[in-house]
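Please go over the structures that come below.
Shared between the two complexes below is chain A, which pairs with chain B and chain C, respectively.
Our next item is the complex of A and B:
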């Protein structure tokens, strides 16, 4: 039996079992206000026995498909059933939450609880398993991967999920959200840009000079090791001393706390990945290629511009990608020193023990990190000269 | 002293002793901070002495990193065995996907599920710390040349013996590099645990930011920075002592 399970799709089986396990968990939480403790309602309390039977049936279909022999159509049906489960779950959550709110007082909130989160995880596992079986059918693979996400986007756009507390929290603070999102993006993008402008020349210098190499890497390594909160703290003290000594600095916005120290610390943090990758990118070049360039009569500067720089570019960009993803996360911490950004919601939420506010910060931060990662990966791929292997390590 | 390995351990030992002497001496901090910040009436965070805060911090990181190693390395081993190979793609996907998540966001998400205090911090540190350990365990084991494995089986070793005597020793360095990344991230994220009441060296900094007291911030930031650098050096030294070839472990 176990042997047989292993030759079947054990990943999909795990996903289906996790999915079945989500059924007895709490599905929605009803709170009398956004800070009150909630009562957890199970699936059958929310949608009744017939609704529960539908969900149970869908998961049993998924389980049966997982145990069937792996074929293309098995993978397609598995992927479709995972998407159907995902869409029905969210559609039910949206519908039932608005129905529940009608019966409650104005301050009541309904939020998804463990059952829905576990369902989302289980559907991800099933979609992943289905994708593995669809390596040769890219059209189906994209359909299976994106349908559920697109449906979530549509449901959010048409307001189907408006009664869920997280969406309510967002609608109440839309202007503030946009402001902090812009602040977050400009802080991380600005610091990585400055980090690139400093880091790339440092990397080139380290390749050219043996004497510079050690101290540059020593410093970059150490600054990367220091905990972010500590580095923010260490930047604050000298800055506030400066702003006390020179009041005009205060007038242009440089104070102990706020965006200025955050920006400086973020630039320092972004240096190591950029310096390291510039160094490796230039060091790994075949000396014969450079010789060939010089032999063709190019000057040293021409060799750098036309041979070394384009060949090293993918690795340098890979370093910028690492720095950017890291910086999105560290900018969150910067909210603690008054720099704003999406971390503001996270720490406000933590301070007030307001779950929805925490999620309103944390989920977009994760989304932003994923978007930045995808965009930068694409740039790395595009910058890889044809004829060189893929830019992905 | 001529042996660079012994010299590294000696330097680390002296630096650690100096660090302990520094954080154990609160009068020194009182004097130095009063001198630097004459405007503050209170320059030391009243919650606890630095030694206690450092121990709290090490406890947080120690518990979560031990759990990480105890679970992460076996998971990495399992997915590279035939019995777990089905799960290799999804584990690879999750570790690279998960590393895009900011550690602070993971910490924040642990609070709605587990409440405030020590437990959510340890769970978040443990989960996030798993990623580099699992990833490097997989990478280390897969980098073992197949010829060597064939040779081991040819010598009559069982799978288990080959794992313990050939694969793990050869992968040890890469695995330890993962542990090092994981521990350093955990030391940093544990600082932010102070926001949700986990204590540690983050608490004077958070208190200093809230009360606008620069002395508190410095009191927390300096030992935290030194602690992280020492921990990094300790793990680098262990990593270095595993090498069979005298290769430098820089960058």
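Our next item is the complex of A and C:
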């Protein structure tokens, strides 16, 4: 019977155990200045024993729920407790950090340490587990997924978290942050758009022509094996040569370093998933279906538009999704060759050993990747024709 | 209507179709048959220009098809391919509507046509029009494939093993359905199969192919009784006499049979059995109930009690049956004669074993 109970939901159980394990970790770090080494304070040093008991109690509730039989209400309760944990943790962090700063000097900083980060991760593992149980109840699924994030947004907006050093790093650099965020988005979105415009025709060409197939995939595969920084480097040399040869290029912003080479490298990277998926999407089509189309009197173009395109679309978009998520990450590296983007914060932070600055870049990058992934998955789902079992039982 | 003149098709170094000449008249069903790889599909696909002949020419309605734009040509020729090839992302209705849409028919006309065709192939339009191909059984999919080929009412149909992928029972049903549709629509049809029974059943003329060549082109009867070569002889097989019977309708062989009303008295019944060993029993509407013989009658108190009642549908035939079916029933039931009934199960007459023997002898001659 115990065994029956225990194997209920391994994801949720893992999340709860990670959550419990976060309790003894350091919670907040107090530093005398931005770059100074800090002292780590544990949960009970920050919120006292009663606060600690509340957190412990919440995690035990989550663990119990993880071990109970999976039902809709179990999933909802699990999701709600995860969100409660998340909100309480951040609320406490915000409140306690400003309390601590009041007693300190102007340059002092308080930043979240491992305990808080682990708690956030653990609660999102629970959210994920709860989502699985709520496939049939979209309203609850959305509530469970987004409440925590909404609460974070509200706390940020009303300044509740202002005393956390991460937020302080942000407020000092708001304009810069906005600029780099926009830069990041335009670099990845632009490169994937261009990659799609080149990759889809290349994929179609590879399907249509035996002769083209080999070289196209040879090149596309090679690009993926080059480490990203090396590819950025490889693009720099010819581009600087070009810009020296043709000064007008420099005037419109194309130089050996900067956004131009990064953009080119990102386009090259996005090609393989798009070309490959376009190729597979078209190649996997039942030849009989195309034969039927032609036999029925459709022109080649009509066969493409009415049959091949709709049937291959989900796979092509799946390739664009892979390329997009990959590109969000790779754009980070682009900062190294002066292209800017959120990677700028990461590498600045690394250079200064300023963890908060690193996080100021890294967290939005992760968020961006998740958003892009979700949006693209939705597009893939919407583009899947009904008859192909997309959504059909 | 369709005329192939010295048509040859060579792929690389494979000679797929070798100097083939063939003419199919309007309203006729020509069945292409032969071993796998003998060039049947290649021949068919040259007629709608899905592939081009290496040499020779093809005329449709007296016009060289090279002078017609392939799309135009194909829209006027229904094509049902071997693997059905329904568009998986479109509903059954949209699949059937393909050619009418290419021809820019009006929406309401297309909708009416889809409904009509679904009914024609025996599927309920309300239930099936909105289904997707993945929700169909193999037999249903093949019927939709045929309906799609018929959609714009093309005068010519090319069918590549249209009933290939279904169980024998369903195939027989689809064949019967095809025959009755064809009787009504009178299309010019080229149908590919490698099932000889199917060819015999459906064809006005059979074209037997071997290694790209046309080895015999004649009516099923002639092919069965006078194979032109050892190849055709072996191909039609040793049981061709039996196969020939399936081309002959029982209609010419039905004669009146002794029958007794179920309410007749025992002595009336005995009198009727003077000249026969057994007699069919019918009710007051003439519907077949079973049969009686002298032994059962002498042991019973009334005619009704004496009836050897079997499943009537198993012992009787409809008048559209063939001699082969009659023979098969006789052997199955151990009868020397088989009753023939109309659609209301009323007794029309009977067919006897000696009729079958006579028909065999006649065809042999």
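In this section, the second predicted complex is superposed on the first by the 320 of 393 C-alpha atoms of A that agree within 3 Å, B and C clash if a C-alpha of one lies under 4 Å from a C-alpha of the other, contacts with A are read in each partner's own complex, and residues count from 1 in each chain.
Here is the rule we go by: contacts are C-beta pairs under 8 Å (C-beta built on N, C-alpha and C of every residue); 3 or more make two chains touch, one makes a residue touch a chain.
On a predicted model such as this, the values are computed, not experimentally measured, just so you know.
**Student:** In the overlaid three-chain picture, which partner chain does A:11 touch, first (chain B) or second (chain C), both, or neither?
**Tutor:** Touch status of A:11: first partner only.
**Student:** Please work out whether A:138 is in contact with chain B alone, chain C alone, both, or neither, and reply first, second, both or neither.
**Tutor:** Neither partner.
**Student:** Please indicate which partner A:247 is in contact with in the superposed arrangement: first for chain B, second for chain C, both, or neither.
**Tutor:** In the superposed model, A:247 contacts neither chain B nor chain C.
**Student:** Taking the superposition as given, does A:302 touch the first partner, chain B, the second, chain C, both, or neither?
**Tutor:** A:302 contacts chain C only, not chain B.
**Student:** For A:286 in the superposed arrangement: first (chain B), second (chain C), both or neither?
**Tutor:** second
**Student:** For the three-chain arrangement built by superposition, which of chain B and chain C touches the greater number of chain A residues?
**Tutor:** Result: the larger residue contact count on chain A belongs to B.
**Student:** Using the superposition on chain A described above, determine whether A:225 touches chain B (first), chain C (second), both, or neither.
**Tutor:** After superposition on chain A, A:225 lies in contact with chain B alone.
**Student:** Residue numbers of chain B touching chain A in their complex, please.
**Tutor:** Contacts found on chain B: 83, 86-87, 89-90, 93, 97, 100-105, 108-109, 111-112, 116, 184, 187-188, 191-192, 195-196, 201-202, 205-206, 208-209, 212, 214, 217-218, 220-222, 224-225, 228-229, 232, 250-251.
**Student:** In the complex, go through chain A and note every residue touching chain C.
**Tutor:** Touching chain C from chain A are residues 286, 288-289, 291-299, 302, 306-307, 310-311, 385-389, 392.
**Student:** Quick check: in the complex, which residue numbers of chain A touch chain B?
**Tutor:** 6, 9-11, 14, 125, 128-129, 132, 214, 217, 221-222, 225-234, 236-237, 240, 256-257, 276, 279-280, 325, 328-330, 332-333, 336-338, 343, 346-347, 349-350, 353, 355, 358-359, 361-362, 365-366, 369-370, 373
**Student:** Where on chain C does chain A make contact in their complex?
**Tutor:** Going by the criterion above, the answer is residues 48, 50, 70-76, 79, 81-91, 98-99, 102, 132-134, 148.
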